[in-house]
Structures are given as structure tokens and as C-alpha cells.
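The chains carry the letters A, B, C and D, assigned in the order they are written, with residues numbered from 1 in each.
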Amino acid sequence: MGKFDHLQQEAFQANMQLPQLHLVIFTFGNVSVAGREEGVFAIKPSGVPYAELSPDKMVIVDFDGKTVEGKLRPSSDTKTHAVLYKHWNKVGSIVHTHSTYATAWAQALRDIPIFGTTHADHLTVGIPCAPPMSDKMIKGDYEYETGFQIINCLKSRKYSYEEVEMMLVGNHAPFAWGKTADKAVYNAAVLEEVARMAFLTEQINGKAKRLKKTLIHKHFERKHGPDSYYGQ
Amino acid sequence: MGKFDHLQQEAFQANMQLPQLHLVIFTFGNVSVAGREEGVFAIKPSGVPYAELSPDKMVIVDFDGKTVEGKLRPSSDTKTHAVLYKHWNKVGSIVHTHSTYATAWAQALRDIPIFGTTHADHLTVGIPCAPPMSDKMIKGDYEYETGFQIINCLKSRKYSYEEVEMMLVGNHAPFAWGKTADKAVYNAAVLEEVARMAFLTEQINGKAKRLKKTLIHKHFERKHGPDSYYGQ
Amino acid sequence: MGKFDHLQQEAFQANMQLPQLHLVIFTFGNVSVAGREEGVFAIKPSGVPYAELSPDKMVIVDFDGKTVEGKLRPSSDTKTHAVLYKHWNKVGSIVHTHSTYATAWAQALRDIPIFGTTHADHLTVGIPCAPPMSDKMIKGDYEYETGFQIINCLKSRKYSYEEVEMMLVGNHAPFAWGKTADKAVYNAAVLEEVARMAFLTEQINGKAKRLKKTLIHKHFERKHGPDSYYGQ
Amino acid sequence: MGKFDHLQQEAFQANMQLPQLHLVIFTFGNVSVAGREEGVFAIKPSGVPYAELSPDKMVIVDFDGKTVEGKLRPSSDTKTHAVLYKHWNKVGSIVHTHSTYATAWAQALRDIPIFGTTHADHLTVGIPCAPPMSDKMIKGDYEYETGFQIINCLKSRKYSYEEVEMMLVGNHAPFAWGKTADKAVYNAAVLEEVARMAFLTEQINGKAKRLKKTLIHKHFERKHGPDSYYGQ
């Protein structure tokens, strides 16, 4: 038994949920799970198909992006995960996918408008789409800078990563996170479904309006507020 | 054997149909089944994933929304169900989902137009979309008021709940009901399919017209009229 | 062993293909199979879910729509099938579904344009959409008249039912047929896929043009002509 | 053991992936695998459903399109494959499908714009759509000419078949290829997903812009460049 077995096991199970939830094809995504005490995270190895994954193949990496344990190379997105763990110290798990509808919104460079209570049950604002990165960032340490693009987008909007647990990187694809791996994967799936509903809403009514504030707050509070009681 | 076992069993089976019919992901929906003689209904417990449901976990609630039996908290939508059972005394089962296409119409704040016989086989009018609730209702007893929003929408249109067994709550999602659990779940699935077809119909022909009256009545009567003979 | 066992067996197997090919939900469709020598056809019983079908439940009906054998009532669309068998004496099987994309075109009252070789591999013209029936026909013997609506639509366009084996009934849904049950079901599935592709084609290019004649004829001839050699 | 057994086995397995990846229904597609040393390729037999395929049914054909071994007729698209193998000597496998979204773009006669990094991870340009063939080519040796249409389209755009491994034939459907069967099938699936995302992107933002050059090159280089390190 290695000391990171529990992280590898959790990361393995979380990664295996992505194809089951139809969020990835081939290797178009990855989940990592952090061990805050150990100061590391377990992440999917690079380019390995889901059918060939096993817990022991998960790579252990520290919050500076250095491999601590594992024979395989970690996902090419590892530095993005590392930056987020380093700066957001209450995040326990990060998910990156190229899920179809969320990615289409990212490619369209648009925030996903808040049109209904399905969205409001999870966050009170549109799902932010970070602008494409500057050429300097792209030509620099790209995956590392992607992490900062995410952090800076939330900062510029004055959103907390504890309240907004999902977003889009413009021209790229979605990222989601949470305190646990199950929550982070759940958020990635909710984002995809909300993205799909918002696309259809605009097709059905080109002038569809943002949900009104009272309804946004009612739904969010019943799920997340101090007196939360939500659970369908 | 408890006295509500049959209701719990029926409610369990009906809830399990929702993910099988692709009407819900995670816990985005619930079914309840009423025992008219006992004056109660069995409903999904709050926030429990479908994979972990079992008949004994179904909560027994009276028509005022008070829990009569069960260790778990009932669905957060319980009061909406209670109001409907109390006012509509021939309803035997109620289904609430966030199914994708029906929810998109609800978010677009539009009735679903009656474009074809698939729709007319089930009801003779567009599927009504109740307006978003007033701020007062939202800030009040929200789920309770949602029930009245549904009842009042049908009333204002002069529709009977025995003839129109499905509708949308604006900015929220669909509700469907019926004399039995099977019929209520069937109605929820028909609503989703009709919503999808209507979306596509408008995309294919932006000037698509409402089905003509003779055809609406012919299809509805052959299924529901005194001389009904429908059954594909 | 009854004398119609082979027809019942074939009709059962063909009906069971419809949900597997995602062409129907619940009881939204039916297949019949004709025995030309016996002057009858076997058809799905009325309103029975696919999961409860068995060969012996298929009803035997003559070409005037009268039940010859079977305890259950035949599908409510039986007379439409009967009319087609009576007038089109080389048809061996008929399929009726409410498949999503084909039904949306029918509701939009539009022929499905011929945009590519997937379509041209099967027919050389747009897939015809019969106009909605007259009030007189609707109020009369409705299902019987639906058969004539189909026959008259092909006649008015000078199409042969041996060449055009699929079409839409306006405001209603698709019908397909063929010499064998397998071919009729295949045609119903091809129609749905062609309907879906044509919808997407117009969304991608609002000015998409009809396939040019040389290409239509090349593809159709290689599959159906005297020197046919097609088979991907 | 025959001398072409390994090719037949590979071609069989690759063909069986097409329905699993939802790229074909019925017989709407085919994969071939080349043996460069032997100067032949194994290809799906003509018109045989996927459920009835087996390795020994794969037909062995030379690069002029002549059958070398096999009792069944090779796919009607065999000559297209032969032309490509003859002119592109580093291609090891070719896939042809009528996958829904890619075919819709082909029917719309449009290149698929490069909108995001999912696309850029695989190629640096829009996915080319060859114009419909001339009447002379269509009336001539059609499938043979289809091969030249593909080759000439890439030539006219100055693209290398080693860099652009997927494209559309206008009014027809997609072709993809690669050094191995797995890579060719992968490319066909990526093309379908990229086609779907691009369709949605334009629906969400009618003025969506092409991905900027720095991002295109960054993503492509990290996967394909001399210092490649990609692998999600």
C-alpha cells in the first residue's frame, strides 16, 4: 500500500465517470483529486484511453506541477490543475472536458446566460467565458498560463471560486471543480446540461430573457444558503 | 408489511422509470403516487441519487405536506405535489422533471404549439407555460405557491386538469400528472418528445402553422372520446 | 401451428426492430407484413407496449381491414395499411412511425429536399409530404382516407410506389414500405436519418442547393439500376 | 493461416468500431487497411451488415482495385480507396462514413471552420470540403474519380495528406485516413465531433470567428510538433 493509494483510487473512479456521463470521447478530458495534507494531486496519465486506465496509473504531482510518483507522464493539462490547486486552497478536485455543448459556447466566446432554475440551483450568475489568452501567454508556458486565465477571469468579475465552480475558457473548453471529486464531476455534467438547455432556449425564443433576480436567489438559497433544504 | 407499502412500491418503480426514459440526470426530478383512501402520497426522498433508491426510502406525506412516515426528508418539491393533490382530487400521480426540451420551452416562456397529431393524440391545445411567479409568491412559501401557479394557469385558460395532464412552469421546468403512476410518467415522456418535435418543426419551417381544428379533434376523440378506438 | 404463423413471426420481429432503431417510443408506431397468397396481413395489436409483444399477439387482417384471426384489436392504423396493400399489389410490408426528425418535417408541411448521396442512394426525388387531409376526409373514415391521401399524393406527383418507398403525411408522420419487412423497416430508418441530415444541412447553409441531376442518377443507378453494383 | 490474415483481422476490427462509435447505421461506411509490403489492402465486403462481418469476409484488393483474394465482392467504394493508397504511399488505413454532422457539412458544401482547440489539436486549417465532381467525372469511372477529387482538393489547397487526415467530399460524405487503422477510425470520429461542435458554435454565435493563429499553432505543435507533449 502506497501513501497516495486513496488519491489514485479516487482519481481513477472520477475519471471513469467522464465517458459514462458522455462528457468525453477518447482522451478528451481529465480529472485530478488533491490531497491537501500531502500537498499533491493525482491526475490522469497523458494520452491513455479510458478503457486502459487503472488506479495505479494515476500520476502524483505537487502543486508546482512536478511529478512526485508514477511511471507515466501526467496529462498535458497538469500545470493548469497545479496552478488552480496552488491558488484556490479549498478546491479538492478539478475536471476538464471537451463536452460538446459547453465547448460550443466556449468556441462562440459567450457566457452561458442564466435562463432558468436548473442553472440557478447551481450558481447565481451566467457561466463565465474567459477571453482567449494573449499571444504572449500562449507562446509562454501555455498550460500554466491557462490556470491564470481562469483565476483572473473570476477575479475580474469578482466571483469566488467557492461559489462559481464551473466556467469556460474561450476558444477552448470547460473546467469545473469542487470540494470533492464527485462534486467536481457533477458540476462538469451540470454545466454540459445547462449549456444544452441554454442553446435550445435561444433557438426557441431569440429574445429569451435572463431569469429574474428573486427567482435566482430563491433557488440558489434553497440549495446553498444557511437554511438550505433543496433536494429533488 | 406497512400499510403504505403498495404506495412506496409504486412510487419507487415510477421514479426509476425517469432515468431509463432519459428524463432526468442525477436527482433532477421526482414522482409521487397518491393513496386517496389513506389521504397521503409517497414521494422520492430529497437528494438521493436514483441508483440508491429503494421502496422503503419513499416518504409518506399527507395532502398538507406533512410527513406521515419515513426517516428521510421528502423531496424539496413536496409542497407543490401536496397542493395539487389537495385541489385536484382525481389525480393519482404527479411527475416533475427538468427534461431537456420541455425545460428549454419553459425557459423560453412559450407555450408549446400544437403542430401535429403526435401532440393531438394527447391534448387538444398548446401545452401551457405558466408565467414566472410574482416576487411575493417567490419570497413566500415558494414550493407551495408553485402548486397554485400551476392550478391558476389552468384555471385562467379554462382548462381541466383531467384533460390537460402536462404543462410548463415558466423559467422552471415541466410537470405532468395522471390517474396512475404509469400514465403520469408516460405524460412526462410524451411532453418531452412533443417539445423536441415542436422545436425542430419551427427550425424547419419558421412559419409552421397550428394544426387545423378538425384534425385536432379527430385525433383526440379517437383516443379519448366516448367512441375511442385509438392504439397504434 | 397455425397457417399464419410465419406472418405473425415476421411481423413480430419487424415491430421489435422499431424501438431498437430508436424510431418509436411507447406504442408510437407499427409494422405489418402481408401474405399475398393468403390475401391477409399481420399487424401489431392496438396499444400494446413493445415489451409485451409476442408473435401470437399479431392480428391477421384482410385487405378490406377485417380481422381474420386474433383475440386482440388490430392497430388503430390498420385501415391505412389495408388500403395500401389493396392498391399496391407488390408491397409486402408497411411501417408507420412517429420518428422525431421525419415527423418534424411532416409537421412543417415540407418535402425533404434531396441534398446528398445518402438520400440519392435510396430515391431520386425529395421525400414527398402529402398535404393535410380535407375536412371531409378527416370527418369520414379517417384511417381509410389516410391510405388514399398517401396513394393520391404519389399519383399527383407521378411517382411509383415501387420507386418511392417512403413519404410523409402532412401534420402527421412518416410511412415507409417495401417488398419485405426488413426492407420496409430499413426504409423507415433511412428516412429518419435523411430527415435529420437535411435539417442540419439547412441550418449550416440556409441556401443549400438540391443535389445535381447527374449525381442523383449516378448514385441511384449504382444501387438500383440494371447494372447495379452498390454496397458500401 | 493465409498470408493476409493480419490485414483481414485489422480491417475487421476497425470496421466493427464504426457502429460502436455511432459513425454508421446499416452499411453506411467502410474501413480498409493496407499492407504496403504486399501491395494490397483489406476492405469490407459490399452490402454486408456489421453484425454479419467476420475477418475472413474481408476482401483483399490491390492498389489498382483488382480483387486478389476473397469470395465476396468488395465495397462499392473500393476504387476510391485504391486510388488514395496508390498516390499516398504513407497512408495505412482509410475510413469512409456517412456520419451525420460531417455529412451535413458536406451537403451544405462548406469547409468546417476552425473554431477551437478541439479542432486545432488535430489540424491547423478548416476541414476542407471538395467541390461536387464534374458531370464528366460522375459519368465516367465514378468511384475512381472520387479518389482523384479528394487528391486534387488537397493539392489545390497545398495541404499534405500527412497533415490533413480528414476531409469532406461535397454533396457526399466524409473520408478520413491515417498511418494505422486505429488512427484512421479515430480521425473519422474526431471529424464527426468537430463537425457537431462547429454547427453548434455557429448557432450560438452567428458571427463566431476563426481561432487565432497563435492558438492554432500552439495546440497543433504540442500534439504534433518536434517537441510534442500533448495527451489529455
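Here is the rule we use: a residue touches a chain if its C-beta (ideal position, glycine included) is under 8 Å from a C-beta of that chain, and two chains touch if they have at least 3 such contacts.
Predicted model, so just to flag it, every value in this text is computed and none were measured.
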Same or different residue numbers at the chain A/chain D copy interface, by half rule
different
Round to the nearest whole Å and give the separation of the Cα centres of chain B and chain D.
46
Per the C-alpha centroid definition, the whole-Å distance linking chain C and chain D comes out as 33
Contacts with two or more other chains, residues of chain C listed in rising order:
203
Touching pairs of chains, which are they?
A-B, A-D, B-C, C-D
Using the touch definition from the top, list the residues of chain B that touch chain C in their complex.
21, 115-118, 186, 189-190, 193, 196-198, 200-201, 203-205, 208-209, 211-212, 214-215, 218, 222, 229-232
Residue numbers on chain D that touch chain C, as the complex places them:
25-30, 44-48, 73, 75-77, 96, 98, 100-101, 103-110, 132-133, 135, 138-139, 142, 171-173, 199, 202-203
